[in-house]
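The following blocks contain the structures, represented as structure tokens.
Two complexes follow with subunit A in common, the first pairing it with subunit B and the second with subunit C.
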Partner chain A sequence: MTDGEIRELCNRFFDAYQDRRVDELAEIYAPDCVVWHNVFGGREMSGAENLAALPASYTMQRRRTYDDRTINTFDGGFVIQYTLHGVQHSGHRGALWICIVGSCRDGKITRIDEYMDSGKFPAWRGAKPDAAKETAS
Partner chain B sequence: MTDTELRALCHGFLDAIERGDATTVAQIYAPDFRLWANVTGTEITADENLKILRDGAALHRRRTYDDRTINTFEHGFMVQYSVNVVTHSGKCTSLWACLIAQCKDGKIARIDEYLDSGKFGRSAS
Partner chain C sequence: MRQDWNTLQLCDRFFDAIEQRDYATLERCYAPEAVVWHSHDCLYQPRDANLAMLKDGMTRLKMRFKNRRVHTFEGGFVQQHTLFVTHPNDFVGQMDVCFVAYTRDGMISRIYEYFDTGQMDKFLPPRGAA
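For the complex of A and B:
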């Protein structure tokens, strides 16, 4: 895949995630796609597991936008740095700085490694700092 | 810089930190170097970072930067790695991190580091 194709795939992925188009995400994930996070115990999940969890995840916030996207591509993938802005149902606005490394093949994403800071989750949710838990919902 | 030069710079950087060799790290940083981390959201200078590295080296018996997966792009590299720590009490802990570096003329001009501060407590004792 060319630099242009990888960048387009990356933005298509984030636009679909932001607009809650799970069917589009299913098209973007390769059949053997794996998703891993540096939080949540570091467990790998399949693309199908990730997609199945999204509808419930989307109900947690009124709106999420994936902004300030800085993309660099390399042979077989991309790294994107971005700000996740969320508006909670309470009206609270929070932000997380996140980095994702995506591996790509034949126009699809085969692996996602996501790096974030669980210490920011309480502020993201609008919770008090002492309510810290390793969950972004 | 070529792919090979960027990879060598990345390894040289992480190897120097692993050894606690702040002198070499200082030589790797460009004069206008800045480091940003997602846990603080602020930028710091080379001198500020070097002080943190020197102070931090005394906190643990050993710190290694393992499982390095490096990819290079025009003007920089990204590396995914595990930081494995052995505390003075002998306890072993680890965290997963990723950093993106912008490079120029054989030096690192900027680092953006992403890690989970929720893992800090496990490695502090």
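For the complex of A and C:
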């Protein structure tokens, strides 16, 4: 894939994620896609598992936007730094600062490694700073 | 290709210098205007403050960057690694880190470091044990 194709795939992925188009995401993930997060126990999950969890995850916020995207491409992949803005059902607006390293092959994403700070989850949800740790959902 | 190679060398030189407590080499890796952003406070730390923090850490702790996965891009690199830190009481902490560096003229000018402060119990010794 060329740098331009990788960049386009990366933006297509985040646009679909933002617009909650799970069917589009299913097309973007390669059949053997693996998704790993530095939080949530650090367990690798399949692309299918990741997609299956999305509809429930989407119900947790009124809106999410993937902003301030800084994308750099390398041979076979990309690194994207971005700000995830979310509007909770309470109206609270939160943000998370995230970095993803993605691997690509034949126009599809084969691996995602996502890094974020779970210490910011309470502020993301609008919880009090000393609230118990929970997931970002 | 040559630029990729130089960037890879810079990346290795930087992390090897921290591991080997080679402060002079570490300092030379930073451009004069270098700043370091961390995901826990979203602030840009000035060069001198970051170097002082690293120097202190290199003096007191043994740091190892394992499972290094590096990719170079135009104007920089990204390295994913697991940082293992051996504390004075022999507690070994670990943390998964994503390190994005922007470079110029063979030096690092800007760093973005992402990690999870929600797992500090895996990284720092239990309170009172340090």
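Heads up, the rule we're going with is that the second predicted complex is superposed on the first by the 135 of 137 C-alpha atoms of A that agree within 3 Å, B and C clash if a C-alpha of one lies under 4 Å from a C-alpha of the other, contacts with A are read in each partner's own complex, and residues count from 1 in each chain.
The rule is simple: contacts are C-beta pairs under 8 Å (C-beta built on N, C-alpha and C of every residue); 3 or more make two chains touch, one makes a residue touch a chain.
The structure presented is a predicted model; accordingly, all values stated were derived computationally and were not measured.
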Fit-or-clash call for subunit B and subunit C when the two complexes are aligned on subunit A: clash
Touching partner for A:N72 - first (subunit B), second (subunit C), both, neither: both
First (subunit B), second (subunit C), both or neither touched by A:V101: both
Common interface residues of subunit A - those touching subunit B in one complex and subunit C in the other: 38-39, 42, 72-75, 77, 79, 81, 97-99, 101, 113, 115-119
Interface residues, subunit C side, partner subunit A - complex: 39-40, 42, 69, 71-76, 78, 80, 96-98, 100, 112, 114-119
Complex contacts: residues of subunit A adjacent to subunit B: 38-39, 42, 72-75, 77, 79, 81, 97-99, 101, 113, 115-120, 132, 134
Subunit B residues within the subunit A interface of the complex: 38-39, 41, 71-74, 76, 78, 80, 95-98, 100, 112, 114-118, 120
Parts of subunit A lying in touch with subunit C, wherever the complex brings them together: 38-39, 42, 72-75, 77, 79, 81, 97-99, 101, 113, 115-119, 121, 133
